[in-house]
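Next, two complexes with chain A in common: one pairs it with chain B, the other with chain C.
What follows is the complex of A and B.
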């Protein structure tokens, strides 16, 4: 390699890293604010350009104690319950959505049957209305079913919007898998079902992981329906809890920030654990190996 | 390309002769071989479009049958019908004397190599090979043995623990063949297995496929639209056109005696030259005349149909023409437009008459140096190499 191209690539590396640095600062600046707020004393800190605490005496975990109710068994038990509510509802939503959508999407991708097109169009239609629009009817339905203030009621509502979305996403994933693979399996001795279970399903696994994660996150972050359908504090999910720190007249920014961090942690863990699946899932269909 | 097919057909000749001599030496009275695959009266339409319009196919035990034809003529469809991936509208398919017409693919005991290879992306090479055997409940010991055998045969031993995406195109192709071989099926089905390889690799794998076939004695149905593959691989060649089998037989026989104008132009590269003309009888001899050609016709070959004045299409392969030197009889004069020199041979493109079609003639490399664009050269051709087709039906005179 010539000296000139070496120098060229060094310059290129510097430029790329400078650009990345800017991007990192841009992305992390608000996060830095949240972290600083969460660690600051009651009353918060005055606005500053670089939002880092000035000295150790500005740092405190009071906000986290307040949110989790540390030292107060009754409050901390409540917070634990609310955390469990969020986890259960989100996992159940993701599991339900994937369990229902996967076979449905496969059928829609591979078979011709009466009502296929209108079914697809109908599902698209459900995606056009925001959840809020149906909040009142949903409330009435859940009331009639005695499912208000329950996790299962919320899962039912969330799954109802998550399933059509998951069907579309997974149908795309199955369409991207060459039919050849399943045909090869059937010539090799598989039944149609075996071809689905042993070939199509594993090939679609990254896409299924992404879909599950999206369903999980939509449930994890959902606020409006949860706030409408849940009245009892012990039934709250975390977004509803968080909202309670934003008062009508004053806002406990420190507690809100601490709560926001606690709510983000599970999602970050999930992303970290699933990142390999996600990467291949998000790029699936682009370049096939 | 043109050279390839010619060279290929030459080697095929040699092989063919030596093989037949050998077999006639060693084999006792010819026993008719069992049919491994037979299709009768197969019809298939997609929607209102008929694709196959009554196809019969017969593949004796151990035969390498090649199905060839232009794109979209239904080759893959026929192969998929044999595999059970499509169902015929009419007709019956038997494999090893078993009527499989209505059986699903898994009960037909066939193995197929797809054009895309269709390797299971989430499984290692070993598991790809084992997939079909496991489904059939083959014992682990037997599976290992067969995988070892096949991977030795195909040079896959070092690749067994890789995933398909970690393989090159050629390696994937071999895994796909391995997956078929371990199955030990009634019949091997190949759908254009070489079309995703580059030219050099294609030539290499082509030979390897034939070698494997000879070694395994495997009955094979192979689909291609590549005439070099068709000529070099086939024991029996089936030319499909317009949903019907247009001609079948040993490849050289078809090359030398095409029964229709379509077959004549489909096999051979550059294509056979075609000129419209008529038959003329003069002093007991028959001449084909027209489009700038006047050539004696081998009346031994065309016994009955050489009526005086009959309208015909005259066909001469570029390779059957030569520069007529000295007082060698010439059949035409070519006004040369361009000369393509390939090193070992050359092709002169030009016209016989001012209004006629482009005609291509093969020249020896040495002659090609002296032939310049714009010049007029005399062409010769043996009367035995002149093909005649009925002008109305396009069928060869016989």
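What follows is the complex of A and C.
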């Protein structure tokens, strides 16, 4: 820490905390309503500034019990399976998307080759086409590949949709890493592949973490494709199950809110673990070499 | 290279082996899909189990969420992967027929069975002389009232209106219903002798003009005047969603509500209630709700299977009906259940709870006798949106009923415009596509013939090994579906019955279908809204993301890890429920935002009545949903910046701001730019916030281009070609914009993308 950031940092720290607190209030306020909805029997409707259930006797865990099927072994077992499905599908999506995108991003950052420009442009263009009713073409393609009704097929679809962003993101990260490091390694006798795997890849770890998180999230909350491409209840992911609380005429908002909270907990845990590992001060080790 | 391949293969193998278990296909037998949940699902499964035991046939049951139901049916059935039988509401039959998802049920409902079901339900599933489903249960509205607040059952609307201005107690409304929806307004409309769709389904099917927008004339105007009066005189709260209606009733803030049998399941023992048919309007007539009938439909494949037909038939029999009534609390279509009730049945042996349950069903059964079955036609889907826009406009007091309805009718006619019937010459399309291909070929040839091309190509080989799998994945799973989608833009009609119209769809969109270019719902007006939407959102996403990302990067910050996790919560919670929480917060009478405004001494605002406030509501929701992503990107990018550089700047005497502007920002640029560019593109096409929060209110003005495309695809007679043309135009616009912005941004932007 340098001398100057110590000086006058008390006031600054207060300001930063104040700023962050405002942001936290903005981030949490609507979520508090969701939590209230999940915890209360009737939900509250009079205009209130602070969302809390009416009184202690109004707080209930019934909605959580309903969603997890507590008390009914068969339903709890199904819920557990669907949770595992969600985790497996989302982690596999993150892994597949990163595995597909990283080498491509590296090549696009470091090599000159025929078709690089148009490839990059084309990839950006794919993001510009709104996917109105793209479920049916995807269904046909997966049918042709014999991947319909399989989680592998779903993972491939999710990963493919995440790849263009992942490539751009990782390419930017590789561009920000000084070339010297890899060149030095190669002068020392490393092959290009070794330079990529041993030097560039570790230095790009924060960006890879962000990309993986992005791919994970795109799979974690998706339900239309999952419901369309999967054909058995035991293969469904949690968002599909959650969405079934929304009916044509009525929606079980309490159950939906409880489910939404359950669904977001693993993400927060994951992020909490991942940020310590990957977002703090890795640069020191990576780039300084 | 070996390592790279090994890595990729390893990951792929691990991913696949983890995923493969569970892919082995057990024999499925007859496949049944349904959108049920809870009691209805349990009762259905019971009936299926009994059928399996009796017939020795295997049945696979799958519950599909309502929101994905039609998409899944539409994708699976034409490919022969669909169910044999599926359960759905009869009013969707028009769409099912349009997409060829159903066949007549044949001997699942023989003539001899006709007396088995309530006549009104048989009429509902009969269309053009054929029976298309085995009726299971009917759903319609009735009046729930709270006997503690209203000791006597309200028989007329005036009984309720007499309790206006909170005569029953502070904040207690005499009546609550979803007054701004066409489905519930129709009960009033029917009382005045009006109708929403023309030509209600006649029992024998056939005759009469095809259903279309019929909410015009004096009856419709009077019904709207009445609805406005109810809201204006504080008999009924405004903007009441289904959920709000329910909570008002359960918390004793509404003495009576109009809702369907599904409400009873949520009430349980929270509040005492009785159910009676809808009240009448003195001197006018009884309010009559719409009736929908859930039925078992047969897919074309399933109709060929004897077992599937037998299953459909057995689901309508007396034993299954009794289960569905007792466990699923359905108002079953099978008459034997009701005749057993009339005879007193086993009433003596019942618990008070079960007795109440039966009384409820009986009340709804009575109400259904007077209800109007929703007609069946593909032409009715496009009625809803213009009708609701008219209702909302009148309820807000923005237009007289006559003007609002005339406008709605014009909008319906505009949407239902018949695409060119006659065969269109493909010549203009061929010319356009040909020119494009020629230009592309020319560019390729020039590139190939450029000096040193072979050498370059040879030098590119190592790079290709790195990009090959990404290229294949994107081509097959991203580009191919898009091309298939784009190709549809040259056709009109449904997927199954497409007619080539060449560039006709494009011409219609770009000429605003012959109306003034900046008229309501025109492409150009929507484009302006979309651009404003994108600019405002992205600017806020990036600035909030940058500020928070940088604040969180301070190495000495206490509680940093906690802040980070709390701040990504908006991204982590499924947006469907949070978007609706935001919508609730902007409610005029019950929303938290207005509560805060009032606490601060300001006037409450009717957020969705004006474009500016509705737009602001949409933006604050979308900014909330999107800033954590940008924040995480900034955090990731900041960690890649070497501290040496910043320290060097400090040593050179740069101020904090100078260091940020001259050192940090340029270094962030390569990582941030793709996120900003892609973020803009995604925001441009972000329809679900607009759908869920403002829903286009007021009057469709907050709709953006992509929500317009969705409406054409799903809410307006499945005009997928028109929707696809919208998508292609959006694509072209964005491509053009990125090119222009790339020029303006100069080398840097080009380098990043």
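The working rule: the second predicted complex is superposed on the first by the 235 of 289 C-alpha atoms of A that agree within 3 Å, B and C clash if a C-alpha of one lies under 4 Å from a C-alpha of the other, contacts with A are read in each partner's own complex, and residues count from 1 in each chain.
The rule we apply is simple: a residue touches a chain if its C-beta (ideal position, glycine included) is under 8 Å from a C-beta of that chain, and two chains touch if they have at least 3 such contacts.
Computed from a predicted model, the values in this text were never measured in an experiment.
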Residue contacts with chain A in the superposition, chain B compared against chain C: C
Contacts of A:268 with chain B and chain C, given as first, second, both or neither: second
Which superposed partner A:114 touches (first chain B, second chain C, both, neither): second
Which of chain B and chain C A:199 touches, first, second, both or neither: first
Touching partner for A:183 - first (chain B), second (chain C), both, neither: first
Residues of chain A at both interfaces, chain B in one complex, chain C in the other: 191, 194, 203
Residues of chain A touching chain B in the complex: 178, 180-181, 183-191, 194, 198-199, 202-203, 205, 289
Residues of chain B defined as touching chain A within the complex: 83-85, 104-106, 108, 110-112, 114, 116, 118, 120-122, 131-132, 135-136, 164-165, 179, 183
